[in-house]
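One structure, as structure tokens, below. Some questions next.
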Amino acid sequence: MYARVMERITDVAIAGVLWGFRIAVVLLVVVGSALTLGGGRHSAESWLSLIVSGAVLGSIYALIALGYTMVYGILRLINFAHGEIFMAGTFGGYFVATALSGIGFLNLNPITSIISVVLMMAGAIVVSVTLALLVERIAYRPLRNAPRLVPLISAIGASFFLQYTFRGFFGPGIYAYPTVGILDAQVPLGIEGFRVKWIDVLVIVSAVVMMAGLFLFVQRTKLGTSIRAVSEDKATAALMGIDVNRAIVMTFAIGAAMAGAAGVLYGLIFRQVYFFTGFVPGIKAFTAAVLGGIGNIPGAMLGGIFLGQVEGVGPTLFLSGLGVPSPNQLRDVIAFTMLVLVLIFRPSGILGERVAQRA
Amino acid sequence: MRNTLRWSAVLTGMLLVLAACQPASSGSPGQSTAESASAAASVDAAAVCAADEAGCVEIPSGEPLHIVFWGVLSGADSTLGEDSKRGVEIAIDDINNTLLGHDIQFSTEDGLCTPEGGNTAAQKLAADTTIAGLIGPSCTDESLGGMQTLYDAGMTTISSSATRAGLTVPDRPAEYAAFLRTAHSDYFQGRMVAEYLYNELGLKKLATVHDGSGYAKALAEVARTHFEELGGTITTGGDQAIAKTDTDMSAVLTAIAADPPDAIFFPVFIAGAGYLTDQAKDTPGLEDALLMSADGTFSPDYIKAAGPAALGHLISSPDTSKFAAGYQDFLAKHKAKYGGDPLSIFHAHAYDAATLVFAALEKVALTDADGTTFIPRTAYREALYASKDVEGLTGPLNCNASGDCGAPILAVYKVTAREVGPPVVWPPEAPIWAPEPDFYTK
Amino acid sequence: MPQLVAKGVTKRFGGLVAVRDLDLEIEPSSIVSVIGPNGAGKTTLFNCIAGWYKIDDGKIEFEGQAIDKLRRDQISRLGIARTYQNIRLFAGMSAIENVLVGQHHFLKTGWVGAVLRTPAVRVEEEKAHEEALRLLQFVGIRGHGRSQASELPYGDQRRLEIARALSTQPRLLLLDEPTAGMNPAETRKMTEFIRRLRDELGITILLIEHEMRVVMDISERITVLDYGEKIAEGTPREIQTNPRVIEAYLGRGAAQAGTTVSDATNEAAASEA
Amino acid sequence: MDDTRIRFGDVPWGAVIRVGLIGAAVAIFLCLVGIVPVFHTRPLIKDVISLGQTSVVLALLATGLVTARTADMRGTLSVLPGAVAGAIAGAGLTALVILGEVINVRAVFLNASPLLYGILTFGSGIAGSWIAIVIGAVLGAAGSVGARLPTSSRRPLTTFVLTLLMGGLFAGILRTAMLSTPLAGLGRLLFAPLGLTIVGAIVAVIAFVGASELFHYTRVRDRVNGMAPAQQRLVTWPLLAIAAFAVLMLPHALGPFVAQVIALVALYVLMGLGLNITLGLAGLLDLGFVAFFAVGAYTVALLTGTSEFGIADWPFWAAIPFAVLFAMVFGAILGLPILGIRGDYLAIATLGFGEIIRILAGSDLLSPWLGGPHGILNVPKPIAVQPTHFLAGPNQIYYIAIACAVLIAFVAWRLRGSRIGRAWLSIREDEDVAEALGVNLVQTKILAYVLGAGFAGLGGGIFASLVGSIFSSSIQLFVSINVVAIVVVGGMGSIPGAVLGALFLIGVPELFREFSEYRFLFYGAALILMMLYRPEGLMPTRFAAREVHLESQELGADTVVAAPTEST
């Protein structure tokens, strides 16, 4: 009887803490925002700017997150090395860009600039996809049926290996993307105090286009269908005559291509790349994928955008009104708190697939 | 059963190894018994070594003389350590790889720029009785972690890039005697920035951004404090921080722009500074703010990272134009050896640290009849502290009692179209401003 | 008074209604079977009773207590245990440990006690082990206690799963196709065994079964589901001749031809194999 | 042996060329990533071979070996495939040299320097580029001969290669340790400051090959297994006693650096054992273990520190229980909201918590109390002693960490055998079924999580005392990842496994500090290889090992035919 009572009390305590956490976070968000907005230190234009930069960051997260989510969907594997695949793409784009800049093609005129960006993307995608397929072949494929944690550790190993391979190849220094003149120009919007560059537009538009393309590809094409089938149930898909291996390899390739493209966009907007570049965006994109519901393609897009906004607007909105010193230092604290909050309310992410209940 | 057995086997193996290495007596390190072979000839050296409270490093004839650089060689900050390491390597090349009749054996230890990394590295260094000279570490945190261990072992290190003010204050703790540096103290750099902005340019409102690293936080604090002492104000929201790995600076810049300052000082590292410079130009309200960063960004990489936005940017840094004439040669050697420009600003300081080490070793080393060289540790430390007017790349080197060896010749640089390129040209020809010499004595 | 009462139970998955407005009453110490074609909602019904699914409508009571809002562990403690269609043992644990897990909530050892291994804990552990061995003996796999669960032969795994279920001291046992994958001899033994469970331990048995010989042999009452709805209920004899049931299994033509259910399903099984 | 001659056409040339090309890729990788040029200055055997050269030699040997395994030919010409593959691999290097002559490879790959080309051509410039092909062919042939030798003669050869590698790598540490003993002369004879001397190489190889042949492991095991249980005990107990004594004497015998390293290893053993409960037993993937480590470290630093941030000036022994307690309380508070979350969602949520704590520790928000990046200094050692004392420096931490690790191992072992341990395992195996058997999931998980947190807090507290300070920069995601890797590499749920895992993943990289950035390259490669060839871990629990091998057998089965699982 005593044990029953204790258990009941613990149950109640657990529920209490849960609700306490939810209420505390919501309260913090509401009060912080109210104080910040009430303080009126920031103009509407600066909020707009924050939203745009959040959207840009979020688009890049979303593109990387697609790779995480697709691989997770098909193999139930957290592909820790995906951030490094992204970094490799950024490097690939860099070398194409410097080559083009060296012969004066990059900024010759707007058309060559656009061709250059396309070439950079192509270079980045080639590098990323090659690397991703190598990693899949060497570090993941032999472990496909091993217990869950084994490929995870292998993925962590691959992540370190790639990082320090690139450090060995290119040294610890920072490589800077050459500037593409037309992309650095302002979009003439005519709003005082609110500026958007063409590159911001390019990032958001190309991210949306790529994601839409991917979504259609997965939903409409035969190959996409086979990827979905393998995600659902490998054994059954194999019985239906689907080449499981091919579907998995394609998944890695598509995810890597998205990451490579994201790498070039990242390079164009943030202009720097070194061997450590992939680590943080990798973790963030993974977070975005989980936020949206891992294994779910629209979820990854949504999660990326959401995370970008939380990071872009969150610190200023929630914390600056509360008088927290250096609120932007805490942007990741906000991002991860939001993640936990979302998971408490929706344990499988915003658009998460319902947790499969086997019976 | 099987596991137990395997375990026992492994551990027994360890025991065998350990039995072979068991010390005969718990004498202090360095007081080796191996000199018996040459007892007669080394009366002089033996007496000196016995008298030296930390004992001697001894290098038998034909053995190399061991020089070590320790600092951050892996992880995101590894440019800093790599840069200094190259400085030491070139210094060793310049003395043809020999010192005191021995070849030089150069090795490195990774300190990871963390206190525990410094601590472990120091333990390894302290255990190695062959080490004659020690250069490093890269970071203040490593210094703090390793100081006590090195001091206990009677070793002395000289750093080229740990700049925290507290490391060389006159009333520093006893164990800091193991630490000298050729790098300047942040105390001077932070104050100089404030003086330049307030007195020279007449600016009244300042904002600072640090990146959560010890270096940046301390430097920003010195600058802010001194700026206010001079009569300036720090803007509302003018004490900001970013994370080292941040790339999108718009939020922090928008926060600063809410009360626009005349100048923003961000003594952060290359990546972050590049992002801040680049993105500040696009933040409404900050168009006219002067941007300034510190020695951590005195590198062509910074210009590349910031892009065209770097034009007009201010950098406080050691004054390379006052570096000795040999500096140009150094740059040429660097290019030939490593295929590129230096990675950071402290290679010359590392070169100088090596020079000081070589000079001090030459001063105190004793060689007996069969060519064994003895280096009394305490005497070596004293010799380092007594270094006077040693010719270095950064200028004449004079060590004082609290461990500062380099003359702090700081200056303010302005990035011009020449450096921005393309191609990026480095370093800038001359600083635009330098404090009066009496600044360092005030 | 019936031991288990389900009234108007409905469970939907998205647009699909897996169980619709189902009523069910089970008397204590009876053996009741649920049959129906594949996808009829039998396992879903089990999952609703055992708390794996939250039902969308209706209510389920066990011995007078509403259980449809409870968690699985709470339902287990009230005295309902189950087995699974595909065996779900703890593969990495030994057979005896599998059974011991079922006793979890009867034991009181806290973590401090476990670390110190107090005399009370030792006595409790000993008793638990005895009980576990007794159960292994009862299901007929004593002597395999230390083998890894996943290495037992198939039939023994089924038995171990039942022993594990029994260790929670249930008064109602839900068996999901206990004879699946067994040969006729094994099946006969299992049928015997299920009857013993009821006769010797007085446990109520609710059974999902495809093997009609088994169903007709041991069931006292049979409930037939089709498309999530109950289409018939009664004694084996009533069910065997019920035209709706025959129709559900074989279509209208067979019902008119006058075949019985057990013939039909056995034929179907034969043609599948 | 029916036909001793192989015909040219019998050789599977496609496979041979493929292996050769992979060998070439590996060799070129070793060059471009910098291992060959950077480690050329680091001798393996002084004046004979450098580490950089060794890496290429090993790659070429391996090419031959793999070729021989792939193209399994017998007879007089059987070395031919290996030689060809080796030559192809060598030709890769030749191509690299020629390419470097034609275009500026260095504009992309920093290590494609004149130094590298010098090494590859033995200083003879492009004219000497063909040397690599010849060497490749010779080594490839040698490798394929090695592959074909009977086990009895291959084993000493393997020992030979391993001895040279180990001896050369650890020469510096061994020499340093010997120099301060009467064995200094011997140390100088056997070891150069870096690498072995020629004498040392010969002695080491003879000694080790001899010893390993005399006391071969399986032979000893067979003999011991052949004994009666009483006799076995007679052998085992003294061995265990000797082993225990060795563990106690280790820091004194090998000097303060090794003491520091093993103290750090012991610390990770302790944390590994803690996570072994959370992850190994209960199956909860916690990627934010560092959060509790931080709580423990800061608690001890605040309570004992004598710097400006110290608040109580307590002795270590009074503070450490609080470190554990606070870590557990934190574990409960953080765990409650997220333990309802499943599987990988839990992993990312815990990772998030780790990051939150890391950022907060270094933030301006908390720096008035925690020192931010400037840390809390002057954390005293548990026992204040003179530098020459038996317990000075890392030694006492080593003993404390060992004692705590033993304690935790005991706790873990007792819990594993109890009702609670069974509940954890059942959750790890199948949490739905466990719940249906009456196990309260949240409470059982919380207990595992909180206990794991407590042990991490203990580790953190000891860490603060070991380093004598705590800085926000010590709170890194890498700590969490390392601990997870220790548990998995050691073998999930296995107590000796956690010890071996920590030795392997913390000890070895620390000993190889001098290789600075390349350590992490090797660390990553080691993790991958480890998972490929020993997925069950270094020292798995008995059941888990079988399980993994069982599953991989199944893998083999269904890749071949994709057989339907239920064919009844």
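Chains: A, B, C and D, in written order; residue numbering restarts at 1 for each.
Quick note on the criterion: contacts are C-beta pairs under 8 Å (C-beta built on N, C-alpha and C of every residue); 3 or more make two chains touch, one makes a residue touch a chain.
A quick note: this is a predicted structure, and the numbers were derived from the prediction, not measured.
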Can you tell me which chain lies farthest from chain A, using the average of the Cα atoms as each chain's centre? C
Could you tell me which chain's Cα centre is nearest to the average position of every protein Cα atom shown? D
So what's the Cα centroid distance for chain B and chain D, whole Å? 31
Go ahead and note the Å separation of the Cα centroids belonging to chain B and chain C. 72
Distance between chain centroids, defined by C-alpha means - chain A, chain C (Å): 45
Multi-partner residues of chain D (at least 2 other chains): 110, 359, 363-364, 432, 440, 517, 520, 547
Chain B, residues touching no fewer than two other chains: 74, 78, 212, 239, 241, 243, 340
The positions of chain C in contact with two or more other chains are 52, 84
Can you name the residues of chain B that touch chain D in the complex? 1-12, 14-15, 17-24, 26-30, 32-34, 60, 63-64, 66, 73-74, 78, 105-110, 113-116, 119-121, 123-130, 141, 144-145, 148-149, 152, 212-214, 217-218, 239, 241, 243, 338-340
Listed in rising order, chain D residues that touch chain B in their complex are 41, 106, 110, 113, 172, 174-185, 188, 193-194, 217, 220-221, 224-225, 232, 236, 239-240, 242-247, 249-250, 252-261, 264, 359, 362-364, 367, 372-375, 377, 387-388, 393-394, 463, 466-469, 471-474, 496, 510, 513-514, 516-517, 519-520, 539
In the complex, chain D touches chain C at residues 410-411, 414-415, 417-423, 425-426, 428-430, 432-441, 447, 451, 543-544, 546-547, 550, 566, 568
Which residues of chain B touch chain A once you look at their complex with the stated criterion? 74-76, 78-79, 82, 212, 236-237, 239-243, 245-248, 250-252, 254-255, 257-259, 270-271, 274-275, 278, 282-285, 301, 304-305, 307-308, 340, 343, 422
Within the complex, chain D is touched by chain C residues 50-52, 71-73, 75-77, 81-82, 84, 88, 90-94, 97, 100-105, 107, 109, 111, 114-117, 121, 125, 128, 148, 150-151, 164-165, 167-168, 180-181, 273
